[in-house]
Structures are given as C-alpha cells and as structure tokens.
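Before I ask anything, here is the structure I am working with.
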Amino acid sequence: MTPLIEVRGLTMRYPIQGGFMDGVLPGRRRTLTALDGVDLDIAPGEIFSLVGESGSGKTTLGRALLRLVEPTSGEVRFRGEDVLSMGPARLRAARRDLQMVFQDPWSSLNPRLTVGQILGEVLHVHDIARGAAAKARVRELLDLVGLPPEAADRYPRHFSGGQRQRIGIARALAVDPEIIVADEPVSAVDVSVQAQIMNLLLDLRERLGLTLLMIAHDLSVVRYVSDRVAVMYLGRIVENAPAAEIFANPRHPYTRGLMAAAPRTRPNARRDSAAIIGEPPSPLSPPPGCAFNPRCGFADNGCRERPPPLEDLGGTHQVRCFKHASVGDPALASS
Amino acid sequence: MTEEHAASTLPSRRLPSLMGRGRLSALVGQRTALVAGAVMISAIVLVSVMAPVISPYDPVDQDLRNALQPPSWTHLFGTDNFGRDIFTRVIYAAQVDLRIGFLCVFFPWVLGTILGGIAGYAGGVFDTLIMRTVDTFTAFPFLVMAIGVIAILGPGVTSMYIALTLAGWSMYARIVRAEVLVAKRSEYVLAARALGFSHTRIMLRHVLPNVITPTIIFAMTDIVLVILSTTTLAFLGLGLPPPAPTWGTMIAEGKSFIFTAWWMVTLPGLAIVLVGISLSLFGDGVADWLRERE
Amino acid sequence: MALLEVRNLSADIPTRRGTLRAVEDVNFSISSGECLGIVGESGSGKSVTCKTILGLLGPSVERDGEAVFDGTDLLSLTEAELTRIRGRDIAMIVQDAVSALNPVLRVGGQIAEGMIEQGVVGSRSAAMARAVDLMRKVGIPSPEERARDYPHQFSGGMCQRVVIATALACGPRLLIADEPTTALDVTVQDQILALLRQLQRDLDLAVILVTHDMGVVAETCQRVAVMYAGQVVETATPAELFSAPRHPYSAALLDCVPDLDAAQAERLRPIEGLPPDLVDLPTGCRFHPRCPMATAECRSQKIPLIDIGGGRATRCIRHEDMAQPGPVSGTDSTTAEVGTA
C-alpha cells in the first residue's frame, strides 16, 4: 500500500542563544538538533505511535509534519505531494487533511469563545458550512465525540479535562481530515478518562477511516491503541516496527529499557532487569557514536566511535543498533 | 484602614501585575467597588455636564468686588482672586479634565496595542524596530518630552493630546507585546494555525481578546495618572491657556494664595482626589470582573 | 505501633460556591519502615489529606479529626510547634522538584540550610559535610563538586534527588512524597522509585507515597489506600488490591489501565460519568452515580469504611458480592488476568 505520509531525512536544528556574547564570539554559536534524519512511512488507516522521553524530538516531529515548525531539511510527502514546499495558500488548503489534537486540554481551547463558536469558526473559515447547516454540523461533531448538543453554548471553562479533550478532537474532525497528529492526547487527563479518550480515538478510526499519528510516552497506552510504533531517542528513530512485534521482540536496548522501566499494575510481574542507568544527554552535546551508548549495557568501543545506521531486520522491523542480535537473543535478554 | 485607603488610591506608575491583593476593592468588596466606582464617576460626569444648570455663575466672568471670598452658602467653595466662583470653575473643569484623561489614555492605548501586537506577533525585524523605539520613548523623562512637544506646538488641547500620547503609548506596547508572546505559544493559537486560519484572524480573534485585559486594567489607573500629569503641566505653566478652567491651572493659580486663601488650591485638589478614588474603585472592579470571566 | 495514625480526618475549604468537602472521614495508619500508597485521581483529596496533616492549608480551612504522630496530635499543635516537626520529623517532597529548589542558591547550601535552621548540626561546616554525604546517598555522582552547583545545572531527575536529600537532612521518620515521579521520564522514574525503596529500608523510614499511578504503587508500597471524592474507599496490600479489589471504584480504576504485558489487548472499560462536585455531593455512597452495582441503599445511606478482615477495609456495602468472581461486572477481567499470569 502506498503510504499516506512519507518522511525522508527530516532534520531540524535550532541555533541556541546562550550567553549574550555567544552570537558575537566566533565558534561559540551552538545548535540544538531536535530531529536528525528521520525517515518514516505512515500507512492509511493505521495508528502510528511515536514513543520517547522528553527531549527525544517526538513533539517536534509531529509539528514538523504539519509545518507548525519549519524543518531545516528533509522531505515530508502527503499522498506524494511535498508538504514542505507548499505555498501559503496550498498549505492552508492542505490543513483540511492534516489535523492536530493537543496535549493540554486547558490551554488548547480559546477561553473566550463558546464551543459552538470554536467549531463554527473552523467550518466558516474553510467554507464547509454556514448558518443553519453549520449549527447542524456542530451538533453532529459534538455527537461524534460523545458530547450533548447543549455543549455548543458553553465556554471551555465549564468542562472537565476529558470533555475539553473531546472538544479538541471535535475541532480537528470539523475539517474532515485524513490524518490527525495527536500529541499526548491522554497524558494530561485522569486515568479513568484516559480510557474514554483512547476508546473514542479507536472508534473514530473505525467509523471515519482516520489515520492517526500518536505521540506518547506511556507504553501501556501505546500498546493499547497502536498498529505500529517508532521509538525516538535524541532526535533519531532508534526502532520502528509493528506494535505486536516491537513489544514481543524489542531489538534496541533503549526500547527494552523503556519497557522494563514502565511500572506494572501486577506486583511480582517484575520483569526484565534491563534498567537504564543515567539520564538522556543534552541534545546540545550528544555523545559521539551511538547517542545511547553512555546508558547502554551492550555498548562497546564500536558504539562509541560511529553512529549505527537504521538497519532493516525484515518484516518492516528497523533498528538503529550494532548489537541488535544480542539484544534480541533470549539467552542474553533474561540476564 | 485609612492608611491603606490612602496608599491604594495614590496612583503611581505601576504595572498591573503588581495590583494583586490588598487593593481598595478587596476592602470594599468586589461588586461594591465596581458599582460604587461607576456611580461616583457617573455622578461626576453628570454634574460637570449639568454645570450651567447647577451653578448660577459663569466660570470665566470676573467679579473683582467679590475676590477671595471664603467658602459660604453663596459661594460653596469660595471665590478666587478674580472673584470667580470656585465651585463653578471646579465642575466646569471636570468636563475638560475627564475628556483629556479619557482621550489621553485612549489614544496611547490604541497606538500601543497595535504596535505591541505587531511586535509580539510578527517578531523579527518588526519586533526589534518597534521595541527599540519603545525603549527610546520609555527612557525619555516624561516631563522633558511633554515640555518639548508643547514648546514646539504651543500650549493647547491638541498639543496636550499629542504630548501625553507620545509619553504614554510605550507602556501599552510593552504590556501587549509581552502578553502576545505568551499567547502566541499557547496551544489554542497553535491549533488555529493547524486549522489553516489566516494571521489576521488569529491575531484579531484568538490573540487580541486574550491579551487585552491587563491593558484595560492598566488604563484605569492610567486615567488618574494622566489627570495628575495635566495638573503638573499646568503647574509648570504648560497647561491649557486661561481663562478656560482646568483643575491643574486652578491649583497653579492658587499657589500664590495658599496662605491667604487656602480654598483656591485645596478644593480643586479635592476634586482630583475624588476622581482618583472613583476611578480606582471602578478600575479595580473592572479588573476583578475581567479576571473572573477568564 | 503506628508512627502516624490518622483518625476521622476531614477538611472543608470555603469557596465562593459553598463549602468544598475536600477530605472527609479519612482513616489510615503507617508504621516505621512501611510505605503506604495513597492513590486516586485529581480531586480525590489525596494531596489535601497530606497538606491537612502538616497544617499547610491556611487558616480558612476547617479541619477536624486527629493525626497522631508519635503520641502527639498534629492538628492540635500551634504553627510554631508544627514548624519544629515539619522538616525535622516529617519531611515532604513534591512533584515539581525543579521549582522546589531556590534557583539562586547552591544546592549544597540548600540541603544544609534545613539542618542549620532546625539546629540538628553544630556548625555550618558540619552541615555542609553532611549535605555532601546525603548527596552521595541519594546517588548524585561526584557530590563534592556538585554541591557547589546551582539547581539549573541539574537535570529533572537529579533535582528530585537533591530535593530528597534536602528532605532527609534532618533525619525525618516520616517522608511524605506527593507525586514525586510524575514530572519525570519513565526511565528516571524507575531510578527514583528504586532510591525511595532503598532509603525506606536503610533508614527505617515511613513513607507516604501519593500518586495517581497504580503501577507506581504496585512497585513501591506495602499498603495502599484508594481515595475517591475525598474519602478512602479501600485499603489493602497492592497484591490483594490488584488481584481482588473489594470496592467497585478500585475495580473500575484497574480496568481503565491498559496492561502492557497482556498478549491481546482487550477493550478497556472506562468509568462512565465524572467524579462528583465536592461542593454538591451525591447522597449516600459518593460513587453510586457511576457504580454498576449501586442499589437503593447505596443511594440513600452514608457508607462507613468497613473492616473486612485481614487488614483490609472497604467503603462498600456490597463488598461480599465483589469477593465472588464472575457475575459482577467490573471485577472479572482483573481476576482473570491474574489467573493467567
């Protein structure tokens, strides 16, 4: 199947302003590499999850796909068309197909507009519906996300976090998009509400044939909804595989460590002891070689000298690790 | 209690963020502050508009036989050295002072909001240009600038407007720019961009309404400050040319008689204090009301 | 004997809309060397409970009940007496470690400050030496040099370690940790939880761990109190709670958490509806509007915390029905999963 989204070599660097003389003194200008040569394909109708710790670049990647930030280099193709070279008018039109749901249900809705105005504005700007037709469509959208029609007349502050997240989803759905980038859609809501929102996203995929790129840090959430998972570390994808495959057979030490560190609700189900030591290095001064080597139990001199390439293990499982054979070896994995 | 009253009604050039607890409205109660302030301001405006009906005297005509009369039932506030009824002059002056107070806040508010909004939203070279200009204007001592402008244009209402607008807009530009920078990073603005909204729409509908509150709060205090500034200018002889009364010119004229005819200085001063209190009450009430709506 | 015993604790917070019953009738106890998890969603009263015990809520809050710490009722103490106990016998760490540290002071000095303030060390140099020791104990590499650094030179996880060192400085017997790992990445969270477990063992420390994450509780605590709408609804050991919850809310909450290790993800069953408004609480059991098992009695009658033996308690009159696996919705999947584990 042709992918809906193709990302090739996507790179994003920011100049960093440190001390006030940094810009003046030669050689003191530093850059932060948020994304470093990211490649990925998203197939139509799939739920693709990006996983990683803070600073891994997952949010930047999600925003770069919609050009909410401008990448330094690389390509993003949506149905074969290059998103990064679109002019302003074309981009505006393309945003009917590419939508976003945000993490924070408290700050992602304009507090001065009613829910009906928030949704109605989208319909108006994109010339989808006006007047009575717009009102009807707003009711339809609210119904789609499980909110009563009366919600249209109220302000965001009258709703709970979970309900606001539903409003955010309805706003994204208003333009009838092909793909929604959902940036940590459940991490700011309570546990009992998380399940509601995840089920809603699964239902919407089913009913509307949506494609979802979900950005998340909670592996149990990712496992529950995803078809495919890519793990990011310091701006690079280190492993990318179908969800069932990656959870059953992680081949990057970082993926394994993440899974080991995730707290389990079943006591004594204590797992793989591949705990990761230390904390992620600063993206301003990444270590030479593989960026994960200082925290990795498998690292040797080779890992410290040159960065490993993204290797294809067959069956659309890719991993960026010289040691993936040992990582996947069950004899070593249980050590 | 009285000390706190005095402290919170004395206007100073403070930023709205400093106007936290312990304000006048906290003492009076919030709705009460808003209502009381509104009633007092309306009363002052009404009295000044109705001045010809209320007072039998003319504010300008001289009556030297009745010069320097102390307050009495015929002359409530006494008369000045030209025999003009001070009460009449005070209520006529309210029209001029309130109009100047309002307009000299309104113009800077509009100018500052537009420029600050552009600086914050567009960023880059616009930001640098506008904000360096703001810095220049802020660094200029207020009186020096006002004196300069009035010296060039000559005293009069128009030069007063221009002088006070030039002196006041930079504060609004600063406030608005800072607020826009925060709002610009908010997720609802990001969402609006993701939805393909135009910059004009994002600016006018999603950014501005969310940044305007602090400027309104500041403007309420600013009105009092502007009225005081006009007084200062009048005192320096740069006020509106006589004989049209303003509180500032009245105080300036009365200063030579402060030991012989205390009412000439004190009673117009009292009018300023009264306006100050009512605007403070009203401003605090409006601020609370706006904050509550958020 | 319990180090801290909380009895019938309640806290009413006056608001513009009326009295907010943030905490009502909370009972629990904790002994030295024990870790008690208080788990609940936002607004369940878990944080307010801890702040009430420490008298951190301000004078307008109406407090009632007892919190007996080592023979003294904390609720009856004056602010001056409490100040002696806070930080010295009872220490608290919070979620946002980065903002819990003063950005303009060196971290060594911040750790030493409490010791000097409480008079537990003789001199400033002794306090500094102990601060370096503590930094080593909480796993900060090269503590001698790092004690001279400022908070912004530390990562989030390292800041939380500094905060823990500060909390331990005066040798407390009870540590209250309010969502200590919520702001941290999962690999760092794992490290901090391991540190807390180790400190609790080594120092015979009593730890109250406030969290919304069932997984964190499972890995760290010996006992759990589940809170809902200001009340403790169930207390048990984590193993008991997760294998056989005896309150419908605990059961439902567990059903909401996807299982990372399950072979085939089955569809989650969210709790329908929303938690109640604490200003306008439902009559009877506070969970009844969302409870699949609610009866007429649940709607009308105030439910006490019922001792069901084996150190367990539940605030549900139908707890016996929950003990039977199978027919009752909300419990079957959890027991089934444990059966296959």
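Things worth noting here:
Read from first to last, the chains carry the letters A, B and C; within each, the first residue is number 1.
As a convention for this text, contacts are C-beta pairs under 8 Å (C-beta built on N, C-alpha and C of every residue); 3 or more make two chains touch, one makes a residue touch a chain.
Note that the structure is a prediction, hence the values are computed from the model and not measured.
Chain grouping by touching, computed with chain B excluded: one piece, all remaining chains connected. For the pairs A-B and A-C, the count of C-beta pairs in contact is higher at A-C.
The distance from the centre of chain A to the centre of chain B, with each centre set as the mean of the Cα atoms, comes to 50 Å.
Annotation: 31 Å between the Cα-based centres of chain A and chain C. Put simply, chain C touches chain A in their complex at residues 41-42, 155-158, 185-191, 193-194, 212-216, 218-219, 238-239, 242, 252-261, 265, 267-271, 274, 337-338, 341.
Across the complex, chain C is touched by residues 53-54, 160-162, 190-196, 198-199, 202, 217-221, 223-224, 247, 257-271, 275-277, 279-280 of chain A. Residue ranges of chain A in contact with chain B, taken from their complex: 63, 66, 68, 91-96, 98-100, 102-104, 107-113, 121-122, 125-126, 157, 168, 171, 174-175. Against chain A, in their complex, chain B makes its touches with residues 186-188, 190-198, 201, 205-206, 209-210, 294.
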